[in-house]
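Below, each structure is written out as structure tokens.
In the two assemblies presented below, subunit A is common to both, partnered first by subunit B and then by subunit C.
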Partner chain A sequence: MFFVVVILAATLNFIIPRLAPGDPIGAVLEELRARGASTGGDAEDEIVAAYRARFGLDQPVHVQYFRFLFNTLRFDLGHSISYYPQKVEAALLRSLPWTVGLLAISTVMSFAAGSFFGAMMAWPRAPGFMQRFVPMFMVLSAVPYYLLGLILVYIFAFVMRLLPLGGAYSSGTIPQLDLDFLLDVIRHGILPALSIVLTSVGFWALGMRGVMVTVLGEDYLTLAEAKGLPDRRIFFGYAMRNALLPQVTSLAIALGTVASGSVLVEVVFNYPGIGWLLYNALRSSDYYMVQGVTFFLILTVAVSVLIVDMIYPLLDPRIER
Partner chain B sequence: MTETFIRRGKALLSYILRTPKLLLGLVMLGSLLLLGLAGPLFVDVEKARPISVPTRKPPSAEYPLGTDGGGRDVLAVLVVGTPQTLRMGLLAGIVGVVLGTSLGMIAGYFGGRIDMAISTATDTMLTIPPLAILLVVAASVRSMSVENMALIIALLSWMFPARTIRAQVLSLREQPYVHMARLAGLGDIRIIFEEIMPNILPLAAASFVGATSGAVLAGIGLEVLGLGPQRTPTLGMTIYWAQLYSALINGLWWWWLPPILVLIVLFVGLFLVSAAMDEFVNPRLRRTG
Partner chain C sequence: MSQDIALQVNNLRVSYVTGDQEVKAVDDVTFSLYPGERLGIVGESGSGKTTLALALMKLHKPPAYIRGGEAILDGGDILALDREAMRQTRWSKLSLIPQGSMNSLNPVVKIKHQMADAIEAHERGWTRGRIAKHIGELLGRVGLPDSVAEMYPHELSGGMKQRVCIALAIILEPSVIIADEPTSALDVVVQRVVMQTLNDVQEQLNAAMIIIGHDMGLMAQSADRLAVMYAGKMVEVSPIGSFFSDPQHPYSQLLISSLPSAEEKRELTAIPGSQPSLLELPPGCAFHPRCPLAVERCRQEIPLLRDFSGARRAACHLVEEQGA
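Moving on to the complex of A and B:
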């Protein structure tokens, strides 16, 4: 399954851009011409031929395909067209820490909060405000996070000037590992993280509530109550603990989709992660970069699904291979 | 026939009125539809074209929601763009659900190798983040139109309906009345259309709302990245232009806030209707809501 997904992803990445009219070199030349940089005439034909040879576009299609597949599977994603000598995978590795840092932390935060709220909603002895307060988050979960993000930036960064407008750290500072830089990064991370957490808490709460309702009907809960165990212990140790299991699966998958979910939030906040890289590649029609990034996005999801399949028997002893 | 029709209509109406979630959602979606249908009667749609009005004017009596950096009246853009977004979502939703329902029914009813092929394809496609494929496709297509975009998105929104419908058909197939029909000598086609189809229609309707909502989400995502239709003014493209020309840090809130608010109304409306539909199809959810 894992290999099917990866090879399919690579194949789609190969076919789709080639179905479109025009070719990448033509697109670059068009770009250059628009900027008034191309000379035209014979010189241009020579440039095209040289470029086609360099990127292997002069070979027959099947040779191109197998070469592409082989290179992709070795994680050799080729060179960026707009920043020519740079390798795509180098750019990816440089952006990855920012995306993982921002999105993994906010996903885990909203998972923890959402699971707790969802469990409380299903719990008959929960404080009353929980019942009214959490549905608000569920409605909010229908709103795309980047739209909420824009509104948050306007209120907190532009009108109130409390937090920075965007970026991952103040311009002019040099990334280094000390306290000042760390605080700066955290200050820049608050708004993007907040917009993700606010719009995804409801999703986790909804899932948790559903499982919790089923768990609360189980016999062992009745027994625990009959034994006179304290409420708190029944809630955390008996009910929530069992209801969390399916949630953990979703968390693993959500962490896998972190990279693809990041695209728009990073664009809105000018955050220098994978999404920002992809956005810029799209704007400068940098084919190889777009292909490389999307392949990477699919790869992360496939890997996390694979990991879920492997760790699930460890979490739930009822499932054995 | 008409009598049962009226009776059913009345029952439906009273169900809508008894379910505040559904009512609120329908009112929200209805008001957006009204904005698109009745809007052109009050607003000059020509002002949605670039350079038809002065640029970057704050809201005033003449331009109730101000004008953007490209010389468009923001209110006129909303009036023109909202129906485009709805159309895109509905088109993609319909194609996606028809495709998904057919595949799900075929897989669930016939089983065996056909089922295995369809299920594997569904599971594989579910693993691939749709945005990744959409981005590659959208970046390769030079001139994007609303219909093109809807079709591209539809090709990626059949998987969830297919999976839900397949599971339902699997259990329906073993129902006594289906066995009866088979014993009575009815053909597969007739069993599918006369015995099974009526029972999955509510489920298909519920997944239609879900697919539409997902399609709008995907479409707006592409537009905000600047990959939407260039000729028609759409809500997402308006946000893209506002982002590109830094409307936010120039304090031009009337440029980007109205499309965002319309989109929020749209998404919350779809969410409420979809949640109500899920409760209708799956009554166990009703108690806990």
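Moving on to the complex of A and C:
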């Protein structure tokens, strides 16, 4: 099942960029022309032919397809066209830590906070002000995060000048593992992380609230209360424990789509992650890079769903392994 | 209050409040429960049986509110307790066997943990070993193997789940057990066995038990006394033997004549009409529109539950007049 999904997805991944208008070699030529290097005429045609041969684009489509499939399954994602001779894998590996660091952490944070708040919003003995969060979360979950990102940048970076405008670290610093660099990275990460957390926390909170209301009506909650259990134990061990199950499934999917969904955040914040890489690859019709990035994204979705499938029986004993 | 009463309920009233309307689901209910006794409470759906049971444990949820009365257990009124004191009272003195035993166990937690947390919540200071031993022993008492402790609820059958609930109810040796339709979700064969188990453990503990249900056959086998509820009121309380041989209240008489009997061959009769809506109770006795014996007084004056001939009580003008 896992492999069928991956191969199907890879195939779509091969077809779609080729259906899109634009031509990678044309894009390279544009760039050469812009630098004044091209002379036009026959020489240009030769360059085009040479490039096409170099990237295998002169082959019939089915040959390209099988070559692509075969290489992809060996994790050989080819060379970037616009940054030739850089390998696609190398570019991915360079961007990956930023995306994982920023997005995985903020998604997990927003999942944890949202689920807790959502559970509290449904809990009848929670402080009354909890209910006031409901409309706030509804509004937040309706705001697109790139828009919130732009607003945050405007307020905190442009007007108040508290935090940097974008990037993952200050230009001029060399990435290294020391405290100064780490603090710099965190300072750069606050705004993009905040825009993701704020816009997605509502989704988790409202989802959790819905499930929680259902769980609170279950007979086992009445019995738990009849047993004289302390509220804290009923809340965490009985109500939240059960209400979290469907949330965890959503988390798996969310984690998988984190990288792709974040393209706009990374573009807004100029953040050198996978999304940024994909954005640039798309702009220059860099087939191999697009294929590489999307294949990688598909793989993350498939792998994270697989992982959740495997740990789910530990959370819910009714699901057989 | 004398020592030989396990639970004394006086003038308990519980209402459901919706908008500006108030529905009296339990209306001025008074009864005593003696140690070791099994009191059956029967009534139609909506007569207030389950509301009564939940209110006694203060487990009723809005829009239900206790509007008055007291429930004296161990010399104190439990309805006046604050949240924390009520939490401590639950299960240690007063336990519940729930109606929907199918869904009454947390599906993602092992049986032993669900039993252990009831002990831990009441800070008995038991060691882990002692808790585990106690759980094993209780499971044995209700006829389940030790291995059930390590199982999850979905691995058990309906009857086994109900046995787990029984074991759970006696884990802290309460003086009162409230069994809310303990067998209604089970098939008849299992019903009998489970009821027998329940009666056995209750006798061993000498706990008083309230059995709520509408299965008259089951009541006849298990209960020592029977209380009949109609439209939120208790209309008759009688020892089980005299209830079946000589029911006092016309409603009780009709109830019994609607039951098939093995001894005599007779026409089964249904009670005409249906229970009135609690929102529009008829004036006087709530049963008078369906009562074949109703007289003018029944339409005007609400009958009170009065003692007559020994241990029997009934709320009916006719019974009162005959007795007088």
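Quick notes on this structure:
One rule holds for everything that comes next: the second predicted complex is superposed on the first by the 304 of 321 C-alpha atoms of A that agree within 3 Å, B and C clash if a C-alpha of one lies under 4 Å from a C-alpha of the other, contacts with A are read in each partner's own complex, and residues count from 1 in each chain.
We adopt the following convention: a contact is a pair of C-beta atoms (placed from the backbone, for glycine too) under 8 Å apart; a residue touches a chain by one contact, two chains touch by 3 or more.
Keep in mind that what you see is a predicted model, and the values were worked out from it rather than measured.
After alignment on the shared subunit A, the placement of subunit B and subunit C results in a side-by-side fit free of clashes. Looking at the shared chain after the overlay, A:Y220 reaches subunit C, while subunit B stays out of its contact range.
In the superposition on chain A, A:V61 makes contact with neither subunit B nor subunit C.
Between subunit B and subunit C, the partner in contact with more residues of subunit A is B. Once the two complexes are laid over each other on the shared chain, residue contacts for A:V153 go to subunit B alone; subunit C is not touched.
When the shared chain is aligned, subunit C comes close enough to touch A:L315, but subunit B does not. In the superposed pair of complexes, A:G228 makes contact with subunit C only, with no contact to subunit B. Contact with subunit B, but none with subunit C, is seen for A:L8 once the two complexes are overlaid on the shared chain. When the two complexes are laid on top of each other via chain A, the two nearest Cα atoms from subunit B and subunit C are 13 angstrom apart. For the contact definition in use here, the subunit B contact set and the subunit C contact set of subunit A share no residue.
Across the interface of their complex, subunit A is touched by residues 57, 59, 61, 87-92, 95-96, 98-109, 117-118, 121-122, 152, 154, 165, 168 of subunit C.
Taken together, the subunit B residues at the contact with subunit A in this complex read 120, 123-124, 127-129, 131-133, 135-137, 139-142, 213, 217, 220-221, 224-227, 239, 243, 248-249, 251, 253, 256-257, 260, 263-264, 267-268, 270-272, 275, 285, 288. Against subunit C, the residues of subunit A that register as touching in their complex are 124, 218-220, 222-230, 233, 237-238, 241-242, 245, 315-318. Of all the residues in subunit A, the ones that touch subunit B in their complex are 1, 4-5, 8-9, 12-13, 16-17, 19-22, 122, 138-139, 141-144, 146-147, 150-151, 153-154, 158, 165, 209-210, 213, 257, 260, 263-264, 267-268, 278-279, 282-283, 285, 290-291, 294, 297-298, 301-302, 305.
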